[in-house]
Each structure stands twice: as structure tokens, then as C-alpha cells.
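Here the structure is laid out as C-alpha cells; the discussion comes afterwards.
Every chain is named by a letter (A, B, C and D) in the order it is written, and numbering of its residues begins at 1.
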Amino acid sequence: MSSLLMAGLLFTPLAWAVLCLLLAFRAARLASVIGMLLQMALSLALWAWVAEQGGFFYHLGGWAPPLGIGLRVDGLAVTFVLLTALVGAACGLHAGLYLDPSRPWQRYFWPLFWMLWAGLNAVWLAGDLFNLYVGLELITLAAVGLVVLGGAAPALEAALRYLFAALIGSLAYLLGVALLYAEFGSLSLVGVGEGAGSASPAASFALLIMLFGLAVKAALFPGHTWLPPAHGIARAPVSALLSGLVVKAAFYVAARVWLELGPALEAAVVGVLLGVAGSAAVCWGSWQALRQPQLKLVVAWSSVAQIGYLFLLFPLSHGVPEAVSLQAQQGVTLQVISHALAKSAMFLAAGNLILSVRSKRVEALAGVSRYLPLSLFSFGLAGVSLMGMPPSGGFAAKWLLLQASLASGQWWWAAVLLVGGLLAAAYVFRIYRASFQEVEESDPFYHPPRSLEIIPLVLALLALGLGLVAEPVLSVLGLPFGGEVLSP
Amino acid sequence: MSWAFSAAVLLPLLAASLVATGSTRFLLWRLLPWLPLPALLLATQVRDASVDIPWLMLGARWQLDTLRSPFLLAASLLWGGAGLYARAVLEGAERERWFLSSWCLALAGNLWLIVAGDAVGFYAGFALMTFAAWGLVVHADSPRALWAGKVYIAMAVLGELALLAGLLLASELAGGSVLLAEMATALGRSQQPGLALGLLLTGFGVKAGLPLLHFWLPLAHPVAPTPASAVLSGAMIKAGLLGWLVVLPLGLTSLPAWGTMVMALGLIALLGAALRGIWTREAKTVLAWSSISQMGLATLMLGAVLVEPALWWLVSGWFGLFVLHHGLAKGALFLSVGLSLPGAPVARGLALLVVALPALSVIGLPLTSGEAVKRWLKDSVSGDLAGAVPWQPWLPHLLSLSTLLTLLLLLRWWWLLRSGDGSTAVATLPWVAWLLLAALSLGLPLYAPILL
Amino acid sequence: MSGAWLPLATLATSLLASLIIFALPEHRHSIRTTVNILAATLKLALVAAMTWGVFQGRFYGISYEMLPGVRFVLRADAVAMLFAGLSALLWLFTTLYAVGYLEGSPNRSRFFGFFSLCVASTLGIALAGNLFTFFLFYEMLTLSTYPLVVHRGTPKALRAGRQYIIYTLGGGAVLLLGVVLLYQLEGDLAFRETGHLMGSDPARYPALIGIFALLVAGLGVKAALVPLHGWLPTAMVAPAPVSALLHAVAVVKAGAFGIVRVVYDIYGIDFAASLGVLEPLAWVAAFTVIYGSLRALWQSDLKRRLAFSTVSQIAYIVLGISLFGPLGTVGGLVHLLHQGIMKVTLFFCAGNYAETLGVHRVDELDGAGPRMPLTSLAFTVAAFGMIGIPPLAGFVTKWMLGRGALAADMAWVIPVLLLSSLLNALYFLPIVYRLWFRPLRGDWPAERALGRLETHALLLWPPVFTAVLTVLVGVLAAAPFSPLAWADLVALRMYLP
Amino acid sequence: MTSALLYVLAGALLCGGGLAGCLLVRHLLRRLLAFNLLGSGVFLLLVGLPAHRHGSDPVTHALVLTGIVVAVAATALALVLIRRYFHLTGRVSLPTGRQEDR
């Protein structure tokens, strides 16, 4: 049973990618809808399986790890798979309605979309370092393709900038993998973890380079310059996918590596460094988001800020008691999930708003609250989760991170969280302010089809409801790998 | 029994609502003199009654006893007579609605505070009367009236705040009870009631016209319409006196210091006010100063009782007599100011003589209630019981001096009345009202012993 | 089982109502009004049933683990029903008033949606069983009130909204820090009748004092204690029903109610007294009482004057709380209700004058009495109630606070009460004078005939009814089911060990 | 001092040069070349280091193969983009100017 699930999760997206390559836009859309339903079903089934059976190892095709591809499924991975299914399906459905088939190159959206999905699943389930590298590369190439799809010169420029930054990042990561392999002779995360005890300085240097590479791919503060233009210019569903999931993949790898290797190698300095960079990201991202004239750039810069929170995990999970580290991990995971849901909802809603207001500027939103209540409402609900206001998932994450930072004695991260929340409120309310402006003359806006507005609303409600059901989600998340090995 | 009390208070309150439309106002003018009727019946029929209503406000109590019934009697008679006069003079005048609503609310407040046995009810009636009386004072709506109103409301609000603080402190001493009787006993028992006493004295002093707290009185009376000033001087000022009698620990402990001070204030009022009143240019202002000086008498007696508690059982009846005497006489005097005197010299002279009759009672000529009051005061203050009363030898002489000054004062009033413009048409109804009050005042020595 | 569903049902009524109203298209006025009024009456019935249950001693509550180690708890105890009863009752009137007030104006679906969302969060605040759930609804209240404040969409309204958000979100962040620190230190955020910090060891006292300061500062923003009150007068630009509900009942009371919860159910009054935190709280409250009234004196705009009066009146509640002893508590709690009823009446009347005569400034009110007798009568009754003239509601509070101050031997509070009553008189009496005793100068700025009576029926009867309520609450203060009796019951349960 | 160490040193040199090229050069094609240099350096290290430590290891060979495939794919994509960019804007390097959203 599990082999069917694993195969389905990894290979069906690839199969669908090839299938969509052959079909025209509308047929590909139909096929994709079926594909998405299938993926959703598979992810749910895997989630249910893991929820009662616990995590397991899986050797693709029955070959043992050194040669064969060893996959690893635990609570964290399976939750992210389900998250990808949710956000991916939403963005896919939205893209189907949002993209205009008549424009050039749009038909290549679907193949790239499925490629991206396959890459994501590969990263979540990968058991060893090199698989992670391959997954990351697959994601990067698909993402760059999606960014530039049918775009003009600025899109190309953003895509090139993104491509170069991502390639440098992944090569740095590969260099790290090379050094680690040389050091420990094994690629699998678990193997590296056990061997970390007798590590030499070279291992911590390798860890440093890997984290640097992944930080650039995850657009952490110093290396964030490529993200705003890329996410700002891309089509709404694409930027939703990028901000929601792609950026999280690099962070997921960094977190996995850090949790396996970090404690063993005394890399406290690296942790604090990443924490400081994260805080700087929060402040700089929010400050920039406040000053952007264009709506999608505001949301893009907000992503830069929110990613800063994620990197607070590193200082909070190093050199602290186990319980605090667990709390920090839970907090960051909730932050990842709620940010993925909220940010994708926000990008989709922003897309709808721009579609109906026919202008990218924030000021053009005047009177939206009167004539386009639904899309503004979903934008608002997503904003609530970004600000970390109760009852949203963002609040639950902020609560756990506050607990962790105070319990671990590093109270300054708590200050960052609180100030970050206020800054997020600043740029979210800036949008509300613009939309509540009263407009005298009659309804000047184009009304998109109702279903286009429902999708972001569902995502936003999920982000909002996450806060209420945080406990069950966290309980599944905590499931360890478990010892037994399942093969087909 | 409690319905009788409620009827007395609620009738004028509900009557105030009749102000709304023209036709109901016509009915209200007819009703005006009869509004205090239930209170009058209550005062005459009921001797000693106390009804507890636990759910009303903070535990209310209607109370009527030998101390309160003369006040109720005086008030209802005076409000009735003045009401009759008001109907004759003010019906159809402009700002009629304003006058009627203020009049009814003030009457309701006055009656409520007399029959209230609990501090909250008393304070409510007191506040209602004060704010409604303000409506009467500024009824003329002239700059002078507005200025008098401003002074009145400022002093009244300060007085009420002092009163609230005093009642709070007294209630605290009485262990949280809101009943006036228990407050009085608690004040008597407590070691340092100084602050509470001071506040209560000032609070009621503003209304009773103690020196330095009397400024609003000479300003308010001339501007108010005649029946209003009659009621203001006759019944409302007495509320301050009633407040002292009900709250202060009379007959319980000896408070020499406080007593002496109060007596001194009484004397200053008695003599100073009379002196000050002599060279005022308006008839009503003279009468206002006369009211202040007469209230000085009551303050004097109160001070004596504070110094010598044993006196209380002797003189508790005196205050009732005083209230009746001064209320009715002063009411008659005020009404006479507004009367239209006949033009012909002989008739005019005769009318002026008749009008002067109540003044004689105020001065205290023999066979009048004024003389009875003064003599009772003289006997009790210089009697053997009042051993500890200060300046005892001097008091009889001072009292006779006050009689002389009051004589001069009222002569001044009479002379101002005489030089008033003689109008031709003589309205009968005002004269009837005046006659009613004058007769009641002059007849007091006859029916007073029956009632008290 | 009835224990769990009643609180949930109360919350659900307004949540459901807000969802339905949001979904309703703008032109469906009749359906929206029926949904509104149905939800309001249903909620009132549920709250009344719960109050009766709590009076009998039955337990209503629900709790489930929302975050590891922290539970989402709803619990209906005596003080909760005090606040819930007030909100449910006044929300019914305010809804009726709002329907009349917003006749013919745009964005009503949005308005009534957020309106019922706001009351849902207020009831959530009332029924919260621990500080975490309280904070949850506290922040939801901020979010649901912002659209109401900026409802008109004018630049002025948006500026007021901006300031409102800066204050309330800042306060929320400070409160969150306090809650997290408390949870870190004590591990338990539940509200218990007599507080549960008594046992903590003395080493933690400085930390606990610091946390108390944070909590009160966070709650003080909504309770408009002096340095943090700036948002309230500027938020007066909102439509009248919003100012009535928000600044008389929901928002400001949430702050004061929060302080009640923190002082009594978290710290416990004796422990707070022993920590010595009550004295400074009393000073801040006393200063606010005087400052609010002083500022109200010079306000020429009617609603701004009422806003500053609210700032001063809410501080009465905080003052009552900080007077150690049952009497002070009763004074504070009963004012929670009385101020709500009186202030709602005043705001309704202010709204009537603005809507019917186009009058916003105090000096334009000349001669409004004869033109709108019932509204002006209601205003006069409420104004005299605020001044504290017996037998109206305000007097009962001042009497109880005075007695409480004497019992807690903080006698300096009495002059504060008196000075405040004097200031109240100084800024309310001139208005009453202009209403009744000044003749009309010229014609009204924007007179509109709204129906047979002096104004629209829905605008007229709510203030009249709340004015009658003010009198009844004052006159029947000692009756069994009056607010005062309920406050006594609450104080009794709080001071019993 | 096995011959593998020689490759490791060469790999390190290539990595240094490639990285410097990637960061400093403005011309897009030259940057792409620098990126390939960096890639080859990493692959040399990937094979050389284990070989230097404990003899030839088939796993690294497999890894390098995959690495090369990925690098080729990336370079192809970059070339297409650069050509399209040149076709559209006639520029061969990305505008550096003060990007307001730097």
C-alpha cells in the first residue's frame, strides 16, 4: 500500500508534466484538474497512513541507499506534502481560470507546474543529501520557467537574476554535500547525523557553506534581492506558488540539515548569524513593503519579511534544552504552513484585485471594499494571519516562538517577533486604508467570475482556522521516523 | 400607608408632564393650588409614621414625625397659597411652560425631602428641588436673572457636593446604613465627627443662608416671579434647616465648639442681615435680607441645642412653630409686594395698613406668632437648663435689638411698598391668595397648639 | 450537556449572523434587518438563560486544547454574565438604532457584518475562561472594530482609523508580551474566583509587578487610561451607532473588564494589594477621571465631549477595582453597567441631533428641546445620571465608590469623586441649559423630516428606552435582579476564600 | 600525496575562479561561463576528495554524472533566457542602476 502512495506522489506529477506537454491549454487544464484531485487523494492517504502507522523509510525500487534512492517519510515531511497538495491544487485551479489561453507561451504553464510539484515532493520525501540537491534544482528550473512565462523584458531580467542567484546557491550547497560526503562517507541524512559526533572543523565549514547556499535560495536578507522582482512580476498564481512553497523548500532542507548536524558541530555562531539575518529581513522587508507603490511588490516584500521569522529557528534550536527546541520547531513549522496558506491566498487575492481594478498601484484600490467585498475579504483574512493576530495560524506560531525565545533566555527574538507583528500590521492596514477610501461614482470595476474569488477565500480561511486546530496538526507533525524499513 | 406618602410626592411630579400641550396646561393651572393637597392631608392626619421600602433605591423609608409634620404643613399651605397667586398672575404669560414645569418639580422635590427618612431619598428630593428652583430663578430670562441663576447654581452645586461628602462620611460612620436617624446617632457616638459635621453644616448652610454662604439669596429673590420668591423664601430655605435637624446629633452629645460657632453665625445673620437690608432699594430684596435674618434665629437655637443637648427635648417643638410662623408670614409679605394697590388715596392707605399686618407678626408684636416664637426662644436660652450656653446674659438684649432692627427693616419695606406705582385695576384673586396666607399666619397662635 | 452548548450558542448566533450578512447582497435590506434583530433577540434570550443558570449555581463552560499546553476555555461565571448581559442588551438597542440611522447609506452589508462580528468578540471576551482566550477575542475585537471606525471612508475617518489601529495594536502587542511572560513564569492562565498567584514565591514578586504593569498597560489602551486614551476622541468620527456601541459598551468596557479579570481572577485582590500595585492603579485612574472631565469642558463638538466624558467614566471602574475591599469592587462593577446604559443614551441622542437637525457642535444645540422633546428629555435624564444626581444610576456608583474608598481607607478618592462630579456638572449642565432654556437662533443646519414623530421611529425609541432604564436601574437599585444586586453577588463570590 | 590531491587542488582553484567570475562579471554570457567553471570545480572536488581519502568510489561517479546533467540543463535554460533578453532589449548585461527595490 505504501509503495503505491510513494510512487504516486513522485511519479504521477512527472507523468502529468509530460502529458500536459502534448496537450493544448484547455485540454491540459482538464487533465491537470484530474491530476490535482489524484495528488490530493494520495497526499491525504499518506497523511492518514502516517498519522496512525508512524513514519517509515522507503527504498525506491528496493535498492538500498548507497546506490538506490532512499526516501524518508515522517510527520514533518507528510504534513508538507499535504500542504503542497493543498496550495498547489488551489494555485492550479486559480491559474486555469486566471491565465488567458490565447496569449503566447501560456500552454507551457501546465508542464512547468507539474515539474515544480514533482520537485517539491522529491524534496519533502528525500532521505539523502544528493536527492535534496536534485529536487532543489528541479524546483529552481521549473520556477524560473514559470516566472518568465510569456513575460516581457522585465520578467526576463527578473528571471535571469533569480536563475543566477539560485544556481550559485545550489552549487554552494553541492560543495557542502561534497565536503560532507568526503568527511562521513555517507550521503543519507541519518548516516551523517550519527557520524557527526567525531566531526572535524571541515564538517562545520561544509555546514556553513551549505547553509549559505540555502539561505541565498531561500532569499534570506542579504541574498533577498532577486525575490521581489521575480515574485512581483510573475503571474499571480505563479507568485503564489513561488512565495508559498518554493522558498520554503530551501528552508526545509536547511532546517533538516541543521537539526541533524547542528547540535553535534558547535556551530552556535552560525545559528546566531542566521537569527540576526532573519531579524534584519523582518525589519527591512516590512519597511520596504510599506513604501512600495505596487500591490504585488508589497506582498512580495512581505514574503521577504516573513521568511525572516523562519530563520529564527536556528538560534532557538541550538544549545537549548530539548523541550524548548521542540517548541521552536513546532512554532516554525506552524509559521511555514500558515505563511504558505496565507501568502498564497494573498497573492491570488491580489491577482484578482489587480484584474478587476486594472492597475497594479495600491492607490487604485479606492472603493474596492464597496464593490469587491469578497476578494478584499480574503486579502484581509490572509493579512490577519500574516500579522499573527488570533485566531490565525500565524498567531499560534508567534505564541510558540515567543514561548521558545523566552524559555531559552534569548529574549531579543521575542522583541523581533512583536515588532515584526506590528510592522506587518502597518503594511496590511495600508492596503485596508486604500481600499476603504470612498468612491463617489458608480461601480468602475470589472467583476471577475465568482469561482476565481472563492479559491483565495478558502485558503485564507484555512490559514485562519489553522490556529484553532494547531494541536492536532502539531501532534501528527511530531511523529519521528520510526525504525522499520518498508520496501515495495 | 405608603401610598399616601407616594401620592403626596408623585402628584406634583406627574402633574409636571401635563405641561406638554396647551389644553393640558389650562387644566394644570387650575390644578396648581391643589397639588399640595395630599401632603396637607398627610400632615394633618398622620402624627407618627414610618414605612420601609427595601427595594427602592438603596433601601428607602417614608417618615413623618413631630419634627417633620410642621415642615410639611407649612410647605403645603405656602405652596397652595402661592400656587393660587401664580395662577392669577402668571397664567398665559410667556415662558409659561418653563415656569409650570419648574414649579411642579420644585414642589415635588420639596415634599419628597420632607417625608424622606433615608439619606438617598432626602438627597434626591434636595437635588430635584434645587435644580427645579433654578428654573424659577432664571424665569425672567433677563441678564440680571441669568447672573443670579449662575451664582445660584454654582453655590447650589458646591453645597450639594459638600452634602454628598457629608452624607457619605456619616453613612460610613453608621456602618453603611442610609437611614438618617442611624446616621445622626452614629455622628453622636463617633469620637471625631468634625469633618462630617463641617460638610453637612456647609451643605445645608448654602440653602439656609448662613453668613458667607448667603450671596445667592439677595440676588435670586428679586428676579424670581413673586410666587416663586414667596415659595423660595418660605419653604425651600427651610429645607436646609430640616436637613440640620434630621442629620445632626441633636440631644445626643454636647458639641460646645460647633455649637458656639453656629450660635455666632446665627447672631451675625440675625443682626447683620437686618442691618444690610435697610438700605436696599427693592422691596423683595429687603424681604430676602429679612429671611436671612429670621433664619439666623433658627441657627441661634440650633447652636444652643448643640451646646446644651438637654435643651433639645424642650425646644424640638419650637422649630416647628418657627417654620410655620416664618413661612406663612414671609410668604404673605412676598405676595403683597406683587399686589396691585387701589388708586384712590383713602382706599390705598387702608390697603397698605392691611398689607402690613403679617409684617407685625414677623416683628414679633404681642398676640402674634412671632412674639410667641421669640419669647419661647428667650425663655429656653436664658432658662436654668441652658447653663452652658455662652453669652447667656447678653442674649435677651440681643434679641430685643433684633426685634428693633426687624422693625426698621420692615418699615423700609413698607415705605418701598408705599412709594410703588399705584395701578388702577385691582385683581381680586391675588388678594384672595394673600388674604389666605395672612389669615393663616395671623391665626397661627390659635390653631398651632392643636396641631403641634 | 447543556453546560457546554450555551456559551457556544451565544457566540455562534452573532458569528453566524455576521456570515449571513456578509453574504447578503447590498440591496437586500429587509432580510438583513430581520437577521440582525433575530440574532440580537436570540442572543439576549440565551444570555438571560445563562444568567439565570449561573444565579442557580449551574456551570456553563467548554474547554479544549488549542495549542500545546494552552487551552481555549469558555466559562460563564458571575462577572462574565455581568458584562455579557450588558453587551447583549445594549446591542439589541444599538442594532435597532443603527438600522434607522443608516437608512439609505451605502456599505450596510459590510457595516452590519462587522457590527455583529464585533459583538461576538465582545461576548467572547466576557465568557473567556482564561487569559489566553481573553487575548484571542481581545485582538479579534480590534480587527472587527477597525472597519466600523473607518466606515464613512472619508480621509478624516481613515486618519482616525489609523490612529485607532496604532494604539490598539500597540496595546495588543504589550498585552501579548505580558501574557506570554506570565505563562512562562506561572504556567497557568486560568481565571479562578479568588485569583491563583497567592502561592508564588517572593523571589518572583518584582517580575510579577512588571508583568502586572505590562498587562494593565495593554488593557489600559482600550480602557483609555490617560496616557493611552488618544484614540478615543478621534474615533468619534465614526457613525453614531458605532460610537454608541464601541465607546460606551464594547471596546472601552473590554479594557476595563480585562483589568477586572487580571486584578481579581489572576492576581487575586489580596495578593495584588500585598504587591502594592493597587495604589498606583488608583492614582492613574483618579488622574484619568479628572483629566477626562477637564478635557471634556473645552470640547465644542458634542461627540468629542462625550468621548472625553467616557475616558473619565471608564476610569471610575478602574478606580473601583483598585479600592481594596468588596464595596469598591461593587462600585466599579456596577458602574460597568450604569455607564454603559447612560452613555449609550447620550450617544444615541447625539446621533439623533446630528441625523435630524445636522447639529454637531454644542453651541448649535440652542432650542433643540422644544424641537425634539423626547430625545432631549432622554439626554437630560442621562446627563443628570452622569453627574450623579439620585435617584439615577450614576449616584449609586458614586455612593458605592465613596463608601468603598472610605472602607479601603483611601479617603483621598472622595475629593476626586466630588471634583469629577463638579466637572461633569460644568460640562453637562450648559448643554441641558441650551437644550431647554435657549430660544432657537435661525434655522437648523441640515434639518430633515424623518417620519411623523420628531425623528425616525428607530432613532427615537432606543434612547428613550435606555433613559427609562437609567431611571429604573437607579430607583430599583436594591431590588433582587438589579445590576447592584448582581454586582454584590459577584463581589461576594470573589471575596469568599 | 596521491594524484587525486592534485585534482582536489585544481577543483578548489576552479571553484574560486568560478565564484569570483559569477559575482563580479556583468556580461551575462561570461557569467554563465563562470558558473560552469564553478560547477566543474565542485565536481572535481566531489570526486577528488573521497578518492584522495580512501580510493576511488563509484558513488561519487554516479553523483557527478547527475550533477553534469543538471548543470547542462541549467546552462541551456540560461542561454535561452539570455538570447531572448538580448532579442527583446538588445542588452547583454543586466541593468545595474540604482534599483529602487534593491
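Everything that follows uses one rule, which is that a residue touches a chain if its C-beta (ideal position, glycine included) is under 8 Å from a C-beta of that chain, and two chains touch if they have at least 3 such contacts.
Please read these numbers as outputs of a predicted model, since none were measured by experiment.
Located most centrally within the structure is C, per distance between chain CA means and the overall CA mean.
More C-beta pairs in contact connect the chains of A-C than those of the other pair, out of A-C and B-C. Note on chain placement: the centre of chain B and the centre of chain C lie 44 Å apart, centres being C-alpha means. Centroid to centroid, with C-alpha atoms defining each point, chain B and chain D lie 108 Å apart. Measuring from the averaged C-alpha position of chain A to that of chain D gives a distance of 26 Å. Touching pairs of chains, sorted by label, consist of A-C, A-D, B-C.
Within the complex formed with chain C, the residues of chain A that make contact are 327, 330, 369-370, 373, 377, 384, 389-391, 395-396, 398-400, 402-403, 406-407, 414, 418, 421-422, 425, 429, 432-433, 436-438, 467-468, 470-471, 474. Contacts from chain B toward chain C in the complex involve residues 20, 54-59, 98, 120-121, 123-124, 127-128, 131, 135, 138, 141, 153, 157-158, 161, 164-165, 168-169, 171-172, 176.
Contacts from chain C toward chain B in the complex involve residues 327, 373, 384, 388-391, 395-396, 398-399, 402-403, 406-407, 414, 418, 421-422, 425, 429, 436-437, 474-480, 484. Put simply, chain A touches chain D in their complex at residues 66-67, 130, 133-134, 137, 140-141, 144-145, 148, 152-153, 156-157, 159-161, 163-164, 167-168, 171, 174-175, 177-179, 181-182, 185, 187, 225, 228-229, 232, 288, 292, 297, 301. On the chain D side of its complex with chain A, the touching residues are 15, 19, 22-23, 28, 31, 35, 38-39, 42, 45-46, 49-50, 53-54, 59-60, 62-63, 66-67, 70, 73-74, 77-78, 81-82, 84-85, 88-89, 94-95, 99, 101-102.
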